[in-house]
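Structure in structure tokens, see below.
Chains here go by letter, A, B, C, D and E, matching the order in which they are written, and residues are numbered from 1 within each.
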Amino acid sequence: MLSPDDLTALWVTLKLAAVSTVLLIVLATPLAWWLSQTRARGRVLVEAVVTLPLVLPPTVLGFYLLLLLGPKGPVGAVLEDIGIGHLAFSFSGLVVGSMIYSLPFVVQPLQNAFAATGTRLLEVAATLRASPLDRFLTVALPLARRGYFTAAVLAFAHTLGEFGVIIMLGGNIPGETRVASIAIYNHVEALDYGSAHALALTLVVFSLVLLTLVYALNRRGQSVGVPR
Amino acid sequence: MLSPDDLTALWVTLKLAAVSTVLLIVLATPLAWWLSQTRARGRVLVEAVVTLPLVLPPTVLGFYLLLLLGPKGPVGAVLEDIGIGHLAFSFSGLVVGSMIYSLPFVVQPLQNAFAATGTRLLEVAATLRASPLDRFLTVALPLARRGYFTAAVLAFAHTLGEFGVIIMLGGNIPGETRVASIAIYNHVEALDYGSAHALALTLVVFSLVLLTLVYALNRRGQSVGVPR
Amino acid sequence: DIRVAVAANFTATLEALAAVYEPASGNRLVVSPGATGALYSQIANAAPFDVLLAADELRPRKLIDQGMAVAGTEFVYARGIPVLWSPQPDLIDEEASVLRSGRFRYLAIAEPRTAPYGAAARSVLEALALWDTLERRQQLVRGSSVAQTHSQVAGGAADLGFVALAQVQTAEGIPGSYWIPPPELYAPLTQGAVLLSSARARSAARHFLRWLQTDAEAAAIIEAAGYRRD
Amino acid sequence: MSIDARFCLQRGEFHLDVDVTLPGEGVTAVFGASGAGKSTLLRCVAGLERAAQGVLSVNGEVWQREGLFLPVHRRPLGVVFQESSLFPHLTGAGNLRFGLQRTPIGERCVDWDEVVQLLGIAPLLPRYPDSLSGGERQRIALARALLASPQLLLLDEPLAALDEARKAEILPFLERLRTRFAMPMLYVTHSMREVARLADYLVLLEGGRVRAQGPVQEMLSRLDLSLAAADDAGVVIDAVVAEHDAQWHLSRLSFPGGSLWVSRCAEPPGERLRCRVLARDVSLTRERNEQSSIVNLVAAEVVELAPAASPAHVMVRLDAQGTPLLARITRQSQARIAVQPGECFWLQIKSVALLR
Amino acid sequence: MSIDARFCLQRGEFHLDVDVTLPGEGVTAVFGASGAGKSTLLRCVAGLERAAQGVLSVNGEVWQREGLFLPVHRRPLGVVFQESSLFPHLTGAGNLRFGLQRTPIGERCVDWDEVVQLLGIAPLLPRYPDSLSGGERQRIALARALLASPQLLLLDEPLAALDEARKAEILPFLERLRTRFAMPMLYVTHSMREVARLADYLVLLEGGRVRAQGPVQEMLSRLDLSLAAADDAGVVIDAVVAEHDAQWHLSRLSFPGGSLWVSRCAEPPGERLRCRVLARDVSLTRERNEQSSIVNLVAAEVVELAPAASPAHVMVRLDAQGTPLLARITRQSQARIAVQPGECFWLQIKSVALLR
């Protein structure tokens, strides 16, 4: 039912979602932590900026990212100069785009989770000789499990369905930047509803199974040792 | 700099974002609460389904919503029959679409916030004669403040930047379903980049100011009486 | 009011037309741009439009077949002209030899399956026996519409691309460098208009279509915008 | 008037299996080692353990039985939890109002000002819980439970976090609650003093089961329970105010077996009172000694001897015309002055704690 | 060897202003009413109150002063907080290991098995905190702090949630820690008994300030402090084991002013020991009474009289050849047997608590 192109697109989609989710979680952690701990006045501005990727339509965001990351863009040109190459129309570019696009969904749950943990247990850890990094890793992180779970699920799912940023920034190159969402869109536009339904259904069923599994695992994990 | 049409589009955008955020928060609350409290096996499936709107590309989601809510669709036809009228190409349709689209961003933070509150304080409230509804309203809700704040911000911002669902389901009708993101799209399609930039900038600056304000207010609110 | 669903690439031209038509007729055009495929889906689901100005002839015909549009009201209101274009002044010469040389990183086209200009671009590249090579080297980037393709090229992310002449033509000519492929290399980009069934009885809609089809001033505006009218 | 409770509950390794009938008024102390199941029992009574199989009726009203489970908020009770559990989003006053507002006006029987003054929490009212000290939090929690005018008060070590002075102030208030509002209480504590002071009835839990139960007077004078081995073992005596001595600020209490001088009390002659005599405050002597600072002498007969916690001591149970008394003396003294069942002695009572 | 601490801190209305020099070994009790600032002082010492202006040096090492602030995790201390604060994501054993693992092997001086056995927490180790009772949680917290082998132990009412039996078991362990590992402790408590039992030094806080401080023996015998008004006021006497009496399981302790018979202790003759004599256990008599169960008689001279908490009593401070003693007697007895400064009496001591 699914064409080889569609399968390739699915594969690219999964790869993109996985890579950008992992990277985003790692990179957003210090930001979310800082936001949850600081009393600095500038915090609110940073929080607002983090939310901004949401307010632009994805295609428009993609357009500006293209300007920014493309060969003529300020970031792209610098990358070009240092030999990495600009990011337009490449998988790495998509990863960057997806990360920016999903940033708010990751930072917010993490920040909330860190804030909800409070200071008491971190103080306790400090009195037990844990350094700041140590107590972050061994106390704050495990207690923020729920937040990490939510962040990962939202970022992953959001990247699966991403379209606007990707088509603009990625250029829909088969095998490299053509993801499932673009393939479905094209099927719909080409009035090939059969293929569209098939691919959409595959994506939905796959996601449903994956999400159900993940939620079930998470639930089992929660039954012990999570703060009430 | 902005044409009257653009201003109208901005207004529709704000209205849409505000209405769907409020409705969504209200409607998602019982769902999030149930998810946070239940031990039922079916919970994980519901959680997965709630996340599904994310995994389809917005245009495709809009397409299916059009099939569902349009005059020939199962839901639309029923609405038609009972005299409400189908939901395609109307503001109410957009509200429904936006709500479905933003559902995961609202349910997840609320559910986390409810779960983080734990049972102890609800038990205390019960011993102080608070009925289940009462303790939900007077204990669980206020303690989930942070979650509500996050949910509202994400849903609002997400709706501001929504495009795919809206263009498909709403149909780009000026004054009714043409929101800012679509107006920007129109400008870009007409190669009127100047107007597109102006409108995008307006949207971003407006959002930045609004979000900063909201975050600042929220921060002030948090300095007293929030669990550590 | 006449509610016009228009292929996004024609939006700007339609606005120029409206500026002439509205004062003359007293009717107002309510314009809803969109991708032709999306407009088709919407009309099939009872979108409140009177007239469709599509980017191809296929979708109007299908609507007629399904009874969603009025048979006999369809006509070609414009023919698009694809152009290989780059904002760089000397990238493209008369023979478009840059295509063969491969001295570029990305060539942008619209998605051939859904955008007529994309299909034309593909035909041209196939006629030049370049399609497979470029595809294999992953040098082809596809926009979901020709407008996106234009953005990608204009912004410099792609070095050159097949766009619509209407997109690059200005009163002062065409900036940068360009090549207009000979018409025999691609199937004509006929854009069809049709009256939708829901507007069967709306004389204003019929009036607008007739004006668009026959008025000389309208034809002039369309041609000036970069389309042909034969 | 009684509280009938029967509960079965499994929690991991721990099994609670309790079947008791408690007096429906006054204070019932729940006593037992850490982990004995005291908090769990209170949770069952409160209705917080839905899983518990059980029957519970409080003064005739059935709160729980097969097929019936009155939800927590329908049970007119007040609970003070072992760990502070104030609402962090409400000020002290907000916490206090929480229960008060939900109590029908007709059922309110505890006065705001009285509670606030008594617990010394007026300056705490505008503050949020996270700026309060441990003891301050506990006082707010106590006030909050009281202001809901409960018909049954469940207290889980409510005074553990308080200093002695504060405890001494609050105890009479709890007593007053019981007498004035006839508010029965289940009171978990580790303190013998609080038991003697407050409780009428005592339930001794061990490993989730009831080891013994009975009126406090009887329980405290039993030599077979761990209670008698405690350092502060002693008996509780119900007495009547006989006379006041204005000059020396003393009052004489009489009980069937004799009389005791205590610090002057407020009650008029004829009023019933309770006092506590610790086993270690009682010494036995063959002759009256008038030239001693000890003012209280009671004649009693030795009933029973039992080993005390330390091998150097014995516990002596005595009978003063029906009133049981305990004395803890060294084995050496026992031999020296021949303390044997049936012998009569003067009991020198160094100190008598007036309980109410 | 001393702990020098000077702190200033404002928290809302509350102002902590403390400047003390405490012994660098042994146990210093921090005593004071609820809200007096005990927990806040401990937080300052731990380095948890960054806002606190202050100077702190512990046995020569400067932890804090102008321009220097050793972060908490660099301070080799252990803290047991007033409210349970176990890591909910770790089992009991995981909680215990947390501090242990972060202690350099060379600095470890507390044995896992010993602590686990003593606190009776072996069955709790595999369990998560939310299934533990209040007292069980507190024991885990205590063990966790100990296993980090701190050089200074801060304890905020660590035993408040425990039953008497458990307290009695844990106290000697805390004593042992102090002697064996020379682990100085700051110990917040509301219990006079724990103070007498454990503390060498006492700091009395009132409203954020130090009201008085000094060695426990001296502090407890002062009539000008609120300590003497407490129901369990009494003195601590440093004594030497004089002889054992195997037959009666007794030991005689001698101190400059006389000697006392107590339950047989383990220490050999010649060893120093400490015992506690409560004011209310002491009665005054003009003549020796041999036919009494009271075995301890000490001659002493009245030094000073002061009102007691109740108007019926007076506190009498006596001197037994240099050893201060307190007695609480009724005013009536005072008049009857003419207790006046300068007069000599036999003190009948009903009960002596052996402290260590």
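The rule is short, and it goes like this: a contact is a pair of C-beta atoms (placed from the backbone, for glycine too) under 8 Å apart; a residue touches a chain by one contact, two chains touch by 3 or more.
Note that the structure is a prediction, hence the values are computed from the model and not measured.
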In terms of touching chains, how many steps apart are chain A and chain E, taking the shortest path? 1
Intersection of contact sets, chain B vs chain D, gives none
Overlay chain A and chain B by their C-alpha atoms and let me know the rotation angle in degrees, rounded to the nearest 5. 180
Note whether the interface between chain D and chain E is symmetric in residue numbering, meaning over half of all numbers used appear on both sides, and answer same or different. same
Distance between the centres, which are taken as Cα means, of chain D and chain C, whole angstrom: 91
Calculate how many whole Å lie between the centre of chain B and the centre of chain E, each centre taken as the average of the chain's C-alpha atoms. 60
Could you give the separation in Å between the centres of chain D and chain E, each centre being the mean of its C-alpha atoms? 26
Identify all positions of chain E at which a residue touches two or more other chains, and write them in rising order. none
Residues of chain C that contact two or more other chains, please. 38, 41, 151
Each of the following residues of chain B touches two or more other chains, namely 59, 63, 120, 185, 188, 227-228
Going by the touch definition at the top, which pairs of chains touch each other? A-B, A-C, A-E, B-C, B-D, D-E
Which stretch or stretches of chain E touch chain D in the complex? 11-13, 32-35, 39-40, 82-84, 123, 127, 131, 133-136, 139, 156-157, 160-166, 168, 190-192, 226, 230-232, 245, 247-250, 261-264, 280-281, 283-287, 289, 291-295, 310-313, 327-335, 337, 339, 348, 350-351, 353
Chain A residues touching chain E - in the complex, by the definition given at the top: 120-121, 123-132, 134-135, 138-139, 142-143, 145, 224-228
Residue ranges of chain C in contact with chain A within the complex: 35-38, 40-41, 59, 62, 105-106, 108, 111, 113-114, 135, 138, 140-144, 148, 151-152, 155-158
Residue numbers on chain D that touch chain B, as the complex places them: 46-48, 71-73, 75-79, 81, 85, 87-91, 98-99, 102-103, 128, 130, 144-145, 148
State the interface residues of chain A toward chain C in the complex, per the touch definition above. 59, 63, 66-67, 70-73, 86, 88-89, 167-168, 170-176, 182, 185-186, 188-191
